[in-house]
Amino acid sequence: MTTATPTVGVGAQATEPVTRAGRVRKRLNSRTATLVSIVIAVLWTIPTFGLFISSLRPENEIKTTGWWTFFSNPQVTLENYQEVLFSTGSSGQLASYFINSLAITIPSVLFPLAFASLAAYALAWMNFKGRDWVYIGIFALQIVPLQMALVPLLRFFSTGVTVAGVQILPAWDLVDEQKFAQVWFAHTCFALPFAVFLLHNFISQLPGDLMEAARVDGATHPKIFRTIVLPLITPALAAFGIFQFLWVWNDLLVALIFAGGGNETAPLTVRLAELAGTRGNEWQRLTAGAFVSIVVPLIVFLSLQRFFVRGLLAGSVKG
Amino acid sequence: MEFDFAAEQPKFLMLMYGLIAFVAVVGGLLLLLDVVPSWFARRREAQLVAASVGGGVALPRRRKQREGAFAFFFLLPTLLLLAIGLVVPAIRTTLLSFMDSSSTNWVGLQNYEWMFSEDSIVRVLINTLIWVILVPLVATGFGLIYAVLVDKARFEAVAKSLIFLPMAISFVGASIIWRFVYAYRGEGDQIGLLNQIVVSLGGEPKQWLLESPLNTFLLIVIMVWIQAGFAMVVLSAAIKAIPADIVEAARLDGVSPWQMFWQITMPSIRPALVVVVVTLSIATLKVFDIVRTATNGNYDTNVIATEMYNQAFRYQENGQGSALAVFLFVLVIPIVIYQIRNLRKQREG
Amino acid sequence: MAFARSRQALAIAGVLGLALGVTACGTGNDKKSSKAGSAECAAYEKYQGHDGKKVSIYSSIRDIEADRLNQSWKEFEDCTGIDIDHEGNAEFEAQLPVRVDGGNAPDLAFIPQPGLLKRFVDSGKLKPVGADTKAMAEQNYSPDWLKYSTVNGQLYGAPLGSNVKSFVWYSPKTFKEKGWTVPTTWDDMIKLSDQIAASGTKPWCAGIESGDATGWPATDWIEDVLLRTAGPEVYDQWTTHQIPFNDPKVVDAVNRAGSILKNEKYVNGGFGGVKSIATTAFQEGGTPITTGKCALHRQASFYANQWPQGTKVAEDGDVFAFYFPAIDPAKGKPVLGGGEFVGAFNDRPEVQAVQTYLASGEYANSRAKIGDWVSANKKLDLNNVPNPVDKLSVGILQDEKTVFRFDGSDLMPAAVGAGTFWKGMVAWINGKDTNSVLNGIEGSWK
């Protein structure tokens, strides 16, 4: 897989800045640029940082003084995290919701990835009538607000499809953890337009002679897709994977409708919203809860960041 | 603090079923397309050999037909899911927009007339326009500048991660963070950073989110804060992809940094810019959580998606909510047309 | 290559599956054992015969309150074998219609808005109550209450919990220290306000920020005042749109409320000026009372749960509430309140059994004992209500002289009651004048 990459020039750019010109340029401007970019980065992080400091302060302090007073009067408590992580009630423990979030997110990322890359390949490299219109149609579907899709989709699950009194598809009739399947289905539907748009952008930029050569050798489309396209767009897949992961992980609405709010199926976001909101403005729980929910997306982002940068790079390599 | 793992097992089992289904569907599809056509191909080849005369004309046409069949199967899962999940709802929404609040009687264009005659809704439309112009512009502009800056900086990875960090936070979470920034206390210490800065500079604290039209811009700041990271990462990648020899050649010609930016960098990253602007524009049109969490559309800050949700779900005004959704479809048409032109150009070039 | 990888994934999945499958065998679901025969279950005899059935309930009640709910019907579940599955959600009002329209309705829902209840009746989704439930509801609740869940002569649900909104919170401790007395007439209350204002403290505090429901505490203010200035008949005409929303009588009431809420001398103690009411969370609206920065806060009985930890809520404690005084005592003792109704989307026998049980005196007492709960159920025994404010509320609800009216914004169409009315009040606090606010709301009511 990796050996194929440099030959087509995609993904090889990671080595680019190490040219001599690049180094010279770097040394000349690096000081001011470094300074300015670090200042901006720090400014950018201040709001999040403030929230983080707040999450470590006692309830009363959060409500009466600004987080910056922490530095003159440091009072640290882990109580907020304790409360968020380990408080138990009939609604169960956070860990249970954590597992739900994972069980919801993983398939909800994989399915659109696979389906969209297949579709994007077909739209970019296969000749058939009306393919541009299909592509534009899928692209335009990005604008459909998912809120408007909730009721019809829910009806699809709970009553099936009936045309003129004839039941064509039965109701799904799922209980408890089986409802995850509904959430996967919904998230996959909602993700596809953007996924096809993004991946089509990459796949259509792949060098045409490569495909042609493979065709001449008698390779079928599934074979080209598997052996040539997939390895080349791995970075793009990782890029979309991160976006989709962030979106699904942070989603509240879709999960609430299709999985319900119980601890058998509801994701972390449902639990955190509950912790923060039931008894008024519990800022202390809110701040800690926000950080608990950020941790996983952050780990995913940081570990895939490499892919991510290279991924988006590939699509724009050719003008 | 004991945790009952046994109770969680069904979930893992379900997850596993999901993964098995994934492998079965995707793998099965590829396998099917690989095996079946090659079997057909072998048979057809045999036929062609048998009737070797006149085959030259028939072959290309058949191949194109077969390609259509292939494409159909490649597209099948996507089209099926989109039809169920988005096309049907879009059609339904459009129909509902011509019906009354309980979706039983046809009312013609009444909901659209309401949309353009109600003062508060006109305000919503104007605000959405401000959002959709400013957010892509500012976020992309910032992302671009930062990408250029950071390209020459040390600690590049760290700096980029910090800018990207807000992307990992949900919209609701981000709005809560910024409510802390904009918070106001009439008496005692300020707990909002912005007011603290104003006070320490000798000014009077303000209730930022109450002041129209300033508040709309303050909410836009939140969106820019979240999305600039996306723009930055994409554009930074694009900048790094500019072949070094082009840059080197320009440098030898004595091109100034300014000219370099406009003549070399900009044309090279144009496709990436288009992706960023299009994505941000659509995301902005659909922005919903930020306004809902920060002001719930009060103080003249409402936007279409928030109002649509309120009308359709909170006020049970299905017709009016749907009409707003349809208006969103209309707003995206310019972007779609631009995309069509782009595609044409690409095919020609 | 990709093929090799997927084969590997399949292998991993298989191993995982095996491991999980083996261990899963050990955990069978214990079947709920019904102890129907025992003595403590005698009271539940009439609900028997549904062993092993499941009833789902959807409401806006969450967290600790939800735990209390589960606790309150625990015995019923044990004795009848009916499994009650309750789910609470903050977005209840928006999500319930989605579920119902999506064909995924719960068996029962605790609906706090008669307006929403009517919508489900109109669309044919809500089932009328069965004969048992009807008998039980009529026995335990006054017609005043039942009329809110009656549509076209049919009863669609029995009331459950309720709350009294006509309360002003104050600090008995501070009042004692300063020598202030609890006012019993409107004029006394204004005199007291002036007296406190003269002493350098802003007497009133308020907060109407409440996420996507921002504005509702202000609508309660208006309704409470209108009930006092114009009387219950006008109030009823107003909530049913027989008189326009911007009727001169309503304008008067709003202006009178404004003489407190928009009076810079009176508000907003502990928070700043008038406009700070709009951005102060309703949960925090009254907290300055505990620090002496504010003296009076008009808010419902459920505000008892919002005080900082360690605040003693009692007649001789840190905080307590007095009845929001009438303007003209001759017009009786108007009380504004709210509550939820148990509506059924299913008429299976076990669903009706639960619905009937929830309307019973047994349930009301069982729930009240756990605490923080008020109901207009006539069978509710005051001795079972531990919390002093709740005792006061139940006393008011059961008082013969009380003229009870339901929260008007819950009776109006949602687009007005949960939409333009809330938003209008926010704009009103933020400086917009009374007439243009009311005209705007009237314009939105179709």
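Labels for the chains are A, B and C, by order of writing; each one numbers its residues from 1.
Please note the rule applied: a residue touches a chain if its C-beta (ideal position, glycine included) is under 8 Å from a C-beta of that chain, and two chains touch if they have at least 3 such contacts.
As the structure is a prediction and not an experimental result, all values here were calculated from the model.
Enquirer: Using the contact definition stated above, find the chains touching both chain A and chain C.
Expert: B
Enquirer: Among the chain pairs here, which one is joined by the most contacts?
Expert: A-B
Enquirer: Quick check: how many Å separate the C-alpha centres of chain A and chain C?
Expert: So the centre of chain A lies 38 Å away from the centre of chain C.
Enquirer: If you average the Cα atoms of chain B and of chain C to get two centres, how far apart are those centres in Å?
Expert: Spacing between the chain centres: roughly 38 Å.
Enquirer: For chain A and chain B, what's the span in angstrom between their mean Cα positions?
Expert: 12
Enquirer: I need the residues of chain C touching at least two other chains; which ones are they?
Expert: Where chain C meets two or more other chains at a single residue, that happens at 3, 95, 98, 211.
Enquirer: What are the residue numbers in chain A that touch two or more other chains?
Expert: Residue numbers touching two or more other chains: 63, 151-153, 226, 273.
Enquirer: Residues of chain B touching 2+ other chains?
Expert: In chain B, the residues touching two or more other chains are 7, 10, 12-13, 19, 26, 309, 313.
Enquirer: Considering only the defined contacts, which chain A positions touch chain C in the complex?
Expert: Touch residues, chain A against chain C: 1, 63, 89-91, 150-155, 157-159, 226-227, 230-231, 256-257, 260-262, 273-275, 277-281.
Enquirer: Flag every residue of chain C that touches chain B in the complex, lowest number first.
Expert: 3, 6, 9-10, 13, 16-17, 20-21, 23-24, 26-27, 93-95, 97-98, 116, 119, 122-123, 211-212, 214-215, 268, 270-273, 275-276, 278-279, 293, 413-415, 418-419, 423, 426-427, 430, 440, 444
Enquirer: Can you name the residues of chain C that touch chain A in the complex?
Expert: 1-3, 62-67, 70, 85, 87-91, 95, 98-99, 101-104, 211, 281, 283-284, 305-306
Enquirer: Would you mind writing out the residues of chain B in touch with chain C in their complex?
Expert: 6-7, 9-10, 12-13, 16, 19-20, 23, 26-27, 101-102, 118-120, 184-187, 207, 209-210, 292-293, 296-299, 309-311, 313-317
Enquirer: Please name which positions on chain B make contact with chain A in the complex.
Expert: Contacts found on chain B: 1, 3, 7-8, 10-15, 18-19, 21-22, 25-26, 29-31, 33-34, 37-38, 64, 67-68, 70-72, 74-75, 77-79, 81-82, 84-90, 92-93, 146, 149-155, 157-173, 176-178, 180-181, 188-193, 196, 225, 228, 233-234, 236-238, 240-241, 243-244, 247-248, 251, 267-272, 275, 278-279, 282, 285-286, 288, 305, 308-309, 312-313, 321-322, 325, 328-329, 331-332, 336, 339-340, 343, 346-347.
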